[in-house]
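Got a structure here, written out as structure tokens. Questions coming.
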Amino acid sequence: MAKILMKGNEAIGEAAVRAGGLHYFAYPITPQSEVGEYLVKRLPEVGGVFVQAESEVAVGNMLFGAAASGKRVFTTSSSPGISLMQEAISYIAGAHLPAVFINIVRGGPGLGGILPAQSDYFQATKGGGHGDYRLLVLAPSTVQEAVDLVMLAFDLAHKYLNPVMVLGDGMIGQMMEAVEFPESIKETDDPMTMDWPATGCEGRDPRIIKSLYLDPQALEKNSFALADKYKKMKEEEVRYELYKVKDDCQVLLISYGTMARICQTVIDEMEEEGVSVGLLRPITLFPFPENEIREQAWKENIRAVLSVEMSTGQMVEDVDKAVQGRKPVEFYGRTGGIVPSPEEVKDYILKILGKK
Amino acid sequence: MAKILMKGNEAIGEAAVRAGGLHYFAYPITPQSEVGEYLVKRLPEVGGVFVQAESEVAVGNMLFGAAASGKRVFTTSSSPGISLMQEAISYIAGAHLPAVFINIVRGGPGLGGILPAQSDYFQATKGGGHGDYRLLVLAPSTVQEAVDLVMLAFDLAHKYLNPVMVLGDGMIGQMMEAVEFPESIKETDDPMTMDWPATGCEGRDPRIIKSLYLDPQALEKNSFALADKYKKMKEEEVRYELYKVKDDCQVLLISYGTMARICQTVIDEMEEEGVSVGLLRPITLFPFPENEIREQAWKENIRAVLSVEMSTGQMVEDVDKAVQGRKPVEFYGRTGGIVPSPEEVKDYILKILGKK
Amino acid sequence: MPEAKLKIFERPKSFTDVVTHYCPGCTHGIIHRLIAETIDEYGIRGKTVGVAPVGCSVLIYNYFRTDFLEAPHGRAPALATGIKRVSPELIVFTYQGDGDLASIGMGEIVHAANRGEKITVVFVNNAIYGMTGGQMAPTTMPGQVTTTSPMGRDVSQAGYPIRMSELLSTLRTPAYIERVSVHNPHNVIRAKKAIKKAFKNQMEGKRFTFVEVLSTCPTNWGLTPDEAQNWLEDNMIAFYPLGVFKDTYYDNDEEGQK
Amino acid sequence: MPEAKLKIFERPKSFTDVVTHYCPGCTHGIIHRLIAETIDEYGIRGKTVGVAPVGCSVLIYNYFRTDFLEAPHGRAPALATGIKRVSPELIVFTYQGDGDLASIGMGEIVHAANRGEKITVVFVNNAIYGMTGGQMAPTTMPGQVTTTSPMGRDVSQAGYPIRMSELLSTLRTPAYIERVSVHNPHNVIRAKKAIKKAFKNQMEGKRFTFVEVLSTCPTNWGLTPDEAQNWLEDNMIAFYPLGVFKDTYYDNDEEGQK
Amino acid sequence: MPGITIDKNYCKGCELCVKACPQQIISMSKEITKRGYFYAMVHDPSRCIGCRLCAITCPDAAIEVHSHGTRYVLFEY
Amino acid sequence: MPGITIDKNYCKGCELCVKACPQQIISMSKEITKRGYFYAMVHDPSRCIGCRLCAITCPDAAIEVHSHGTRYVLFEY
Amino acid sequence: MSQYEVTFAGFGGQGIMTAGQLLAYTGMNAGKQVAWIPSYGPEMRGGTAYCTVVVSDERIGSPIINRPQGICVFNRPSLDKFGPRVKPGGLLIINSSLVDATSDRDDIQVLEIPANDIAQKAGSGKATNMVVLGAFVGATGIVEFDKLKETLTEKMGRKKDLLQINYKALDEGYELGRKAKEEKVKG
Amino acid sequence: MSQYEVTFAGFGGQGIMTAGQLLAYTGMNAGKQVAWIPSYGPEMRGGTAYCTVVVSDERIGSPIINRPQGICVFNRPSLDKFGPRVKPGGLLIINSSLVDATSDRDDIQVLEIPANDIAQKAGSGKATNMVVLGAFVGATGIVEFDKLKETLTEKMGRKKDLLQINYKALDEGYELGRKAKEEKVKG
């Protein structure tokens, strides 16, 4: 298909459609309301379902019910709305159901602001709800990647029967870039061929989709089954990108999403100025490319590792864990809707290098 | 005051009263409903307030409103209920208000079970809500300590103007132990002497208690102010206990709450059998005794560090981070309501030591 | 040869042979049976999906031979909305207690009703939180003793009970709302009719149907099953009048109903 | 010497001198003023605490010279419950839009009303989500075009609008419920009376008081302020009849009201 | 001739059938079931009129009603 | 003699006062305020009857009404 | 003795929890560390109810006691479930009024007491728990019997009639326990 | 040129966003990497609206452009806010119909265009944005002018009248821009 210029929010909506995610439940919230405004027109064209729910609490639970059908279901929201879904997300994970949650992160905590931020990293990667579960978390840095990862999210959700989160930010949602979609809407598996959805028990034994196990042995079994999935994700799903990580790099940047793009500009500019800096950009935030970061960070030439975030410091804890104290781990962050400029990141790098 | 024998849940209620926490908002949930059943009788005796809310979403927000008064307010709940409070908690933190949340953790995710667990560690320590905020988290291991930490929680909440969580479990809530309380109810500060509560603006400028900052500079300022508080907590509030950590310890256990008591039994029994094992028991889970663990773990005699939890492995990530790869970090956990017995922990230690 | 034995009443086919965990005399069992009989009589077992609440009836799925989802506390109408919108060929019902539906689940029930979701809600009003040990519900009667109203529900603090059927009847969208009781056989018979009617409406594509069933909780009321039935009759019915609050079955405007 | 100039109408003292961020002609401003005038006239500025919603009026606290809390979306009644229970000497009001109160906040408003919290709720019904750019609200009129109902509200998918005053009037506990409008001066005058009455009730210790105010959103309705007022009159009032739904001021049973 | 069968496995001894029976032919056993309940039994089967009220009221679906031959439909259920 | 003052600082030019005035003495300026609005002004002050309807309807509390001497109370507000 | 653990197990309604609490109170009043740990959760409805009491001279570690020294079973399911768990050398008290079986373990002391019958004779079947508690204290001497009675008075002071019946039940049980202890010592 | 960034800034309703999008489309159609980045958030109500377009031969890094090479300001507040941000050597286009001030920077090229007046003459004040856009393309040659017109046709094909007016506005603007460029080259 030809490239088209599209706003991130709309591209995300179209990506879901192309992935066969035709069942959308949502409640408006800035900066992602355009997703719903796009889909309310688009979904009827393809026989999809759009329900504007009364709240994000309801959204989470509508997704829970809809996911039980075996079809591809999703929502989009932004930070406070995602907080309201935590109970439902925990239930969906506990019940081994696939659903895609897209969080176009804004500044927090509380009502905060509506500008882009990355301060929901902890919530997304450590699990904001209760109990032993994790989300698989994907973080796009361009509109095209948002499209690709949203489509991937559905596949992974169904592969693992686990909720998957796409962590964008207001910038990704609001900007327009050229994007390409697959020609047609993906044929998704027929729920009748699956052995878990609630399709009505005609001709088979009834199925119960639940997360309650009064017997602690049974509950533990369920939790260990979840843990096994997360182990498998760690083995199979780690995704990241290296940008100009060369043998002479002095500083290794770790950054994701919009922030990583800014780091690329920083790297390009510093390259011209003769300072070699590289970037490892995690694409999956959970599973986190821990070993990959360690490997790069421990290389002789690296003098420091710098986590650059639009937060007061969240991913840096995982970076710190990865590096294991062998190299200094530094943090540079702006938050609350402020997107650091290449200049300030550059300055910070020069400071680390003792050049400023 | 003389010791009395009391169920953990009731002792927690009485502790709050003694700390001047006379304003209680809650919704029933096993295994902590006795707190409310106790307080509904106790609070009227001391001029307190008990509102049974319609949901935990409402509870969180009633606490938000009540906390704005400058008085001491709190709730108790259990895992799914706490998930429903995440949005409100994020708002309360963002608005710099003091409130105490007591989570008597049960097995999860989802509806899970009602038996004791520690699987809400991530949610409590990393922040289950959105945005750059943290909770100060206290983890008692006996009923007396639950009493002491609940009282401390109010002081810390008011010291930092930040929500504080006490992370218990069903076992702490349900068991009876001898406890002692301070003789009388603590005199708490008069809100009229504070410069932040909403008391009606008679004779002063109006006050606005909020978390919205449309200007990103202002929002960032608020987030950095929060970050400063967390930094201060890390400097001043780390609490932990060492149990039989001696020069000849081969294994350092890290464990909190009920699980830590079992580890004590393990240590006592192994001592008799001639195997020296020690325990570092975090009392504050955030701020986490990271440096203290590192210091102990790095000692010559320690062959391995073992995180023992009633979860599929959460705190172990923080332990791992603390130890920085210098010693093997092992994990032993049971979950879903199963409390590991001393025997199984012992076995695991022996396996680590190659003795089994 | 003796005449053939003819069964004129038997355990519904939609029931499993599991003995319920309910207390002796708890009317949850009756209401379960009425639903199971309805499913049998309409022959819809294979396309019915139930949504369980959190409450004493959380284990309802162990007793039914149909697919079931288990909702978080209060959210059954949202789950039902989700699955019914995505799979409109299914017959979807929720089964919810008064804590579940009228307290924590108020938002979800009002909005599912108002959107006119094509689901059936069976609302079991036993004026108390059974499962968690007998706390006050929004439906608890004035003066009624519970573990969180040890001196009796104090309306000056907690207000009066909420009447869900009346409240939902202020909405224009729902197709059918009735309150029945199961505190004696005659009322059980009427309750059965109401539940059948609700399912029939759904099968014919009508919108939201709701049956409120007054029910007993002998255990937490501290009464014998017999006393509990009498208490219901003497105390609850005056405040919770039985009857049809809304029925648009024969109405016909452009959306199929007024 | 000329006679002294006498102000017979002026900006309320409880207002700050900040120019609001509202669109030209948006009636939020009128409703703010009525509350400010009420506070002035009763002399309660120093003990009043407002609770702001999330919606266009989230910044209401910038315009009032009283203490204010800012609630999460829909939860203002819970915050108001919290502060009023703990500090009963305060006069507490919430100010909420229809998305805030009737959609996400349904549970909190019904239960605050039913518990009879001694607060005043001013409910601004402009049939749309203003702040987020004009999405459909539960109160949006059938056929009304919004960004999430581009072909007009389809009642076969979204149901009919919710009438909050009617819904809350099925509860026995609340003291006072009235629906007014501000689409012309005559209605503004009546709206003022209703708001004053609500505050008076609260000042005298009466329970939950609720004033629903029909309001315009010229921007998202895509009309001029003048057209918007006419649209309100022509379209909303038939579905949302004005008047008193509940008033127990002169009732007196054991709890102070029926 | 109508009659009922009460399944001891399901009966929890709530006595609601005793109250419901218009013929007053159901009473409680002196024995206990394996779940620890005194169960319901028919002490005068010949007087059963097949009205089904006991079965309709039983919360545990423990009662089956049958008839031999003619069935008297007393009410729709 | 009654009269009104419209504060240009607050006026957003919504024209609701124009519609509200029974004497039809308010109209919109051709000039723009610093916020970019055409503001309301009284083109025939002498006919003002002090009814307050313009002020009552103004969403921005931009209008003050005054009288010199006698005040005609037309209605309670 | 540095630490003693005992489990009381039976149906709900047999006074299991109260018996355990009385013992714990008495231990506490005697200046010892105590913990009373109930079973809670799914087993409660219908099944067996049990609680464990730990009395110790030192800080109590694990509240999870899988193999207590003493176990008192009030009904058959409890015997089946808990009988095998008594620590070798420990004590198993069986309420023989309701339990028509015994334990074939020879590494522990087994004491069969017709507790319901004794309680009935003392004035009320409800005092069955006191008979067993008395026997347990008689057989182990974990707490002083006088102190136990003091605690009972303290907790039940107001209901005089019941108190008398309970005293009697305690006494009868204690006697049986004490005798068994003597026999064991002798035997 | 490997990357060019331009910001359009003015009041809401002046067609700022559309102008930027047209440019981005045209860049994309010419096979370049493009990004269109709007301002969103608090500034939208009342204040200035702006968007930035990046056209590049390579993968676009930071979408945060603090110092673009080109800036087109449609009103006074935008001039004040953005004027100082033009990159040295860059271009500043000022809509002189509405802006009665100019920039005193001598390290950039400043182009004043009475865009509203020109648009009015072309048939509608609404085409002001096209005048400016034309001038910008004329002065920079970032995209081919013909391609720009093609994009316009593609996006507005259906509204013939408007299209004509817009063509005219574009042309007029382009001429001014082109001339300025020539002068600069010469000068």
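A, B, C, D, E, F, G and H label the chains in the order they appear, each numbered from 1.
We adopt the following convention: a contact is a pair of C-beta atoms (placed from the backbone, for glycine too) under 8 Å apart; a residue touches a chain by one contact, two chains touch by 3 or more.
These numbers come from a predicted model, not from an experiment.
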Task: Smallest number of contact steps required from chain A to reach chain H - done: 1
Task: Chain separated most widely from chain F, comparing mean CA positions - done: G
Task: Pair sharing more residue contacts (C-beta pairs) when A-D is set against A-C - done: A-C
Task: Approximate Å spacing (C-alpha centroids) for the pair chain C, chain F - done: 58
Open item on the list: Quick check: how many Å separate the C-alpha centres of chain A and chain B?
Closed with: 29
Open item on the list: Please tell me the distance, in whole Å, between the geometric centres of chain E and chain H computed from their C-alpha atoms.
Closed with: 88
Open item on the list: Where in chain C do residues touch at least two different other chains?
Closed with: 58, 70, 72, 103-104, 106-107, 110-111, 115, 138, 158
- [ ] Provide the list of chain H residues touching at least two other chains, using ranges where the numbers run on.
- [x] 41-42, 46
Task: For chain F, residues contacting two or more additional chains - done: 35
Task: Residues on chain B engaged by chain C in the complex (per definition of touch) - done: 27-30, 33, 36-37, 40-41, 52, 54-57, 80, 110-111
Task: In the complex with chain B, residue positions of chain C that touch it - done: 54, 58, 70, 72-74, 99, 103-104, 106, 129, 131-133, 135-136, 138, 147-150, 158
Task: Touching residues on chain C, where the partner in the complex is chain A - done: 45-49, 51-52, 58, 61, 64-72, 75, 78-87, 89-91, 107-108, 110-111, 115
TODO: Provide the residue numbers of chain C that touch chain E in the complex, in ascending order.
DONE: 2-12, 15, 19-20, 22-30, 33, 184-185, 188-189, 192, 218, 224-226, 229
Open item on the list: Which stretch or stretches of chain B touch chain A in the complex?
Closed with: 57, 79-80, 82-84, 86-87, 90-95, 105, 107-115, 117, 119-120, 122-123, 126-133, 210-224, 226-227, 311-314, 317, 320-321, 324-326, 334-338
